[in-house]
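In the two complexes below, chain A is the common chain; its partner is chain B in one and chain C in the other.
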Partner chain A sequence: MNTIIFSALWGVLMMYVGFIVKKQKSATAFAVLGLIVLLIVSWLEYAGVSIFTIDMQGMLRYNRLSLVFNLVMIFSTLVYFLLSGSDIEKFGKSSSDYYALLFFILTGISIISGFQSLLMLFIGIEIISIPLYILAGSEKSNLKSNEAALKYFLMGAFSTGIMLMGIAFLYGDAGTFYVEGINLGLGKITPMLAVGMVLLMAAMSFKVSAAPFHFWTPDVYDGTPTVFTSFMATIVKAAGFFAFFRLFENAFGNLHSDWEILIAVIATLTLLIGNITAVFQQSIKRMLSYSSIAQAGFMLMGVFALNTFAKHGLILYFAAYSFATLGIFAVLAKFKDHSIEAFNGFAKRYPLVGFSMLICILSLAGIPLTGGFFAKYYMLLAVIKYGKMFWLVIVGILCAAISVYYYFKLVQAIYFKEAAQREDVVFTRSFELMMLANAILIIILGIHPDWLMSLLYM
Partner chain B sequence: MSIVEILFWFLTALALFGALMVVFSKNPVHSVLWLISVFFSISGHYILLNAQFLAIVNMIVYAGAIMVLFLFVIMLMNMNTESEPQKSKWLRIAASLSGGSLMLVLVAALKDTSGRVTGVFKLDGNIGLIKNLGQVLFTDYVLPFEISSVLFLSAMVGAVLLGKKETNSIIS
Partner chain C sequence: MFAAFDNFPSLLIWLPLVAGVLSFFIKKEGAPRNISLLSSILSLAIVIASLLFSGQQHAGLNQVSYIWLPDLGSSFGFILDGLTKILCLLTAIVFPLVLLITNKDEYKNSNAFYGLLMLTQCGLMGVFMATDALVFYFFWELALIPVYFLSSIWGGDKRIKATFKFFIYTFIGSLFLLIGILYLYLQTPHQSFNLAAFYNLRLSAPEQHWLFFLFFIAFAIKMPIFPFHTWQPEAYEQAPRPVTMIMSSIMVKMGVFGLIRWLLPLFPLAVKDYNTGIILLITVGMIYVSLIAIYQDSIKRLIAYSSIAHIGLMAAGIFSLKEIALQGVILQMFNHGINIVALWIAADFLERQTGVTEISQLGGVAQKAPKLTVFLVIAAMANIALPLTNAFVGEFTIFNGLYQFNPWLAALAGVSIILSAVYTLNMIKNIFYGEVVPATTEVKDIGRTHILVFSIITLLVFVIGIYPSPIFKIIQESTALVLNKYGSL
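Our next item is the complex of A and B:
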């Protein structure tokens, strides 16, 4: 609850800051300060101190997992602000309003990390989605950005409609919005419950861009200004997955054997489509959007398995995937040209940033000693421990192998290609150091993933 | 058949007919007018379910405000059959196939549930009055009620941001 209230309040404050400050740099500084405050209050909540006592009617309940998830999300947002803050400042006077929207998204994230009622799930998902439609269309003079916003809005509105219909069916069956009420049912599937569950599954798959519902992803990610694509593809996606996991664990946990095959098929399709299509992309931004679909396939394995390994793995996956993708997008946002050739000979000109990007790419590909390796390892382990549908593991490993191909195309461009006549990008010293710190963070996650996971048991 | 049942079937038939006409009308203005009739018949259903306040709000907000907005947009865009984009034959076939199979699955799944859903609705004539609604809203549902203010705030901020003229943007 601390996190919800403080992030909403800070969002309002950010709008006033837009009036007061002259330089956009101070808006970023204020936003970073806000995140530090958020980190402190959510840490307090984690330690058992709540600043406000509010009767939540059982609609929100935070366990260890959701509090750690909140911490990871806020920390990732901090990394995002520090890396990409200078690009948000380019929006001029309205940049503090964009910061406000980002804070509102954090409010939504901290709602869905603790929802116990489908009503809260719906409100949380909407608070996340609506600011995103605006962020997608923030580059008003660019037609592609307008297209992305409109496409995202229309498709998102339809998926929300489907979700509401699913919730209505579940309410009709169980007579309650509370997830325990739905889960405590008879433990046996009734037609209305099945319809509601499948509709919710479709809506959630849309929000996390899983395979048969992924068609919006490449266009929207490509059209959205790169700064905001970065946020959309990492933190928001992780939040969607957490909601997906929590919903299926708490509301449909008793029916696990009824829906596991559906999730397994969605995960397989997501892995195959994401990875195979990513191979053929020429633009890095499009490649990363397909790679984010592919990574979603791995995260779906956690929803499939629903065991302790899945919980560990998902938290680790959120952190490792977010840091790595944020790093690559932060560099990409400085470029106008998003083709792979633009990065030819990149490491020769900028050795430090080149090296940090290498670490990010290796983490996405799941190479040992980076966070991505253990994230993928835990996902596969979760499926193995679950003991059913072993073929999902094989598909996962094959797809991880495919992904190495297209990630290494980028590495090849950065390190082994001759530099051509390309635009000059200026990186400030602080940006270089931040990138390096991000890379070190990824390596620490790869060597000591237990440091993050032990938070779940402290 | 009691009067309630007669009303129910009448309103249902009206709603379904109106909804079909929304889809099949060639003229978009006619579609909007049929949509208004759908909203009215659904409001009738709400009254049958003892939700008087909801019925009135549905009429005022949807049939009133939102549909007028729809009409304005359609009239300003000057849409007619000539300017309608032609969709390919395959797209139409695929759309009707997938929509039809969704309907088939829903009907097949739900045909056995008739009569099971009773516990939710209480037969109390006062349940839908503003007094009761307000009491529930500010006691049981106060948390979602308050939190949805963040949702509306972000929507407002977004609308202003999108509508604002860009003055000193560096981004081309």
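Our next item is the complex of A and C:
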């Protein structure tokens, strides 16, 4: 509960801070402070100290996994604020409003991480989505941003509708919103239950941009201002996955062998479409949107397998993927030109940032010694361990090979190509150091992933 | 994992790693080069020390294992046994030689260059010594990535494309390897990546068959053997000089080593089924690449193709499953690594002096550079395995085993040796003898560094050629173990 209440409170505070402080910098500082407070209170919650005791009627319940998930998300957001804070400041008159929205999203995320009732799932997802619609359209003068916001809103509303319909069907079948109640009642599949489950699966696939519900992703990610794409593609996506995982573990765990094939097919499609389409992209931003779809395919393997390895792997995946993507987007946000050529000769001009970006890219490509390797590795291991549908592993590995191709096109531009006409970008010293710290974090995850996972058992 | 340094394997890993990381941060001109040279000479000293302190009573010095990822059952395990010692010795000898010979070269951002070079050495050492499959895979990649960057940044004009091809090829190979390792890992009773646990697995024949191919393709790409070799000539041509030497001398041995340490002991049933076919494929490939080599006008490409043929012979020797051939292969891995460095040094020396790489445009170098001629002729003789040279001992023992396995296949493989004599002697004739042509009028003879390096190589060529038994003694430590599953089949 600590996390939910503090993040909501701080969001409200942020809105007032806009009136009080005049300098944008201090708004960022206040937001970072808020995250640190949030990190502390959720650590307290993790350590068993609850500041608030509210009777939730069992609609929210946090286990180790969800508390660790909260910590990872808040920490990733901290990384995001530190890396991209200066770019958020450039948006609009008052950046504190955006920070407020981001804090509200965190509230939604912390609701999602503990939901025991489908109502809470619904509320959590809506709390995440509505601020995002605003963020997507925050660049008011840009037509693409407006388009992205509208598209995201329409598609989001549509998928929420599907989700509600699914929940209604499930309620009709089980007579309860509690996931445990649904899971207990699952002896055999009734038509009503099957329809509800498939509708929920479609809605969740939409939220995590899994194929064939991914069509909104490239346009929305591309149109949204890069600073906010960064947040959408990482933390929000991870939250969607966590909800997906939790829903299918807690509500439909007993029917695992019935729906596994559906998830396997969705994962395969997502992997193939994401990776193959990414190969043809000329703009890094679009390439990263497709890459985020491709990465979603890997995370779906965790939902498919639902075992311990999947849990470990997903936590690691969220962290490794978020850090890497946040790093690349943070650099990208400083560029107007998002084509790959714009990065030609990048490392010669900015060796430190270039190196940090390299580590991020290697991590996304899943090269050993970076966190991305173990993330993918755990996913594959989870599927193998589950013992069925070995072909999913083969598809995963093939796609990992494809992904190396497009990720390394970026590496080639950064390191090997001669610089063409350059856009002048200035990186502050603190930004460079933050990027480096981020890269080191990724490497640490790549050497000792067990340090993160041991949190699950402390 | 950061425990004591009282054993040779950890020193061999940490020394180049520390030297590499240190090099990155030192901007002072020349310092990174000296650090690398110093560290590589120290590595050589360590390997020699491990040769002196071998045997049961010193087992603790040559073996180490730290717990790394307990919940995955992986530990940082390294061992220096007979096979490994030879390869580490090769690595430790070649690196100082290469650094010495390229001492005068100037590279932009030399700190990064030498840093990456040292990381490569660390990766190679790790691959050879690993006794844990996950660690093996890590170092396998660690050896690849720095080489990719070295070639792509400091290579020739077509470097990006050539290196990318090389990278994609090997990366796909290693992904196959990863699937195989994952599968084996799950079969082990206590879920561990330990090599010994892998050796103890009882795999059914169908499992062995498809796992065999996963591993085989990964190693075949790395070696490379026909038909997975197409990345190699371009990559050698485009890589900067020290990197070419290291790739052709040591990195290709990763594949051969993989066959001996991983493939053979793990999948005996599959190996038994496929070995004749694979030897046939390899021998046909050897003749094919030898024929290509005959028609090469570029010295570098000629050496590259000749290397494919030599590596092919080693692979064929391994699949003959005869202990004698296996010993020959291990020795030959060392010999080939030494000899090919001499060839590259000579080729590069000529290229720098004359500016051309085509054999047809060279001639009469012997009159201008007699010392170079002597050394190169010796290296060339070793390349075609003339008696008294090291390669004779190695290839003779391989042929011995291959002949025991199947005389016809041995004869077929022998053809490629004859062909290798054809192109090597042809190259010698065209470059060194005949009239002095315009390109070679300005050639000067080799300097002191070259003489030093060539002398060391020549010494090794003859010492091993004449008195190979000490080195065979080291090799025999580990060969019987590799084949012990085949006795009962």
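Methods note: the second predicted complex is superposed on the first by the 456 of 458 C-alpha atoms of A that agree within 3 Å, B and C clash if a C-alpha of one lies under 4 Å from a C-alpha of the other, contacts with A are read in each partner's own complex, and residues count from 1 in each chain.
Here is the rule we use: contacts are C-beta pairs under 8 Å (C-beta built on N, C-alpha and C of every residue); 3 or more make two chains touch, one makes a residue touch a chain.
Please read these numbers as outputs of a predicted model, since none were measured by experiment.
Touching more residues of chain A than its counterpart among chain B and chain C is B. In the superposed pair of complexes, A:A29 makes contact with neither chain B nor chain C. By the document's definition of touching, of the two partners only chain B reaches A:I134; chain C does not.
Touch criterion not met for A:L456: it reaches neither chain B nor chain C.
By the touch criterion stated above, A:K90 is placed in contact with chain B alone, chain C being left untouched. Contacts of A:L380 after superposition: chain C is touched, whereas chain B is not reached.
Residue contacts after overlaying the shared chain place A:V37 against neither chain B nor chain C.
Using the contact criterion defined above for the overlaid structures, shared-chain residue A:P368 touches chain C, although it does not reach chain B. The touching residues of chain A, when paired with chain C in their complex, are 312, 362, 367-369, 377, 380-381, 384-385, 393-394, 397, 400-401, 404-405, 408, 412, 415-417, 448-450, 453.
Interface residues of chain B, counted against chain A in their complex, comprise 106, 109-110, 112-113, 116-117, 119-120, 140-144, 147-148, 150-151, 153-155, 157-158, 160-162, 164, 166-172.
Residues 69-72, 137-138, 141-142, 145, 149, 152-153, 159-160, 164, 167-168, 171-172, 175-176, 178-179, 182-183, 186 of chain C touch chain A in their complex. Of all the residues in chain A, the ones that touch chain B in their complex are 4, 8, 11-12, 15, 54, 56-57, 59-60, 90-94, 97-98, 100-101, 104, 107-108, 111, 117, 119-120, 123, 126-127, 130-131, 133-134, 137-142, 171-173, 175, 190-192, 194-195, 225.
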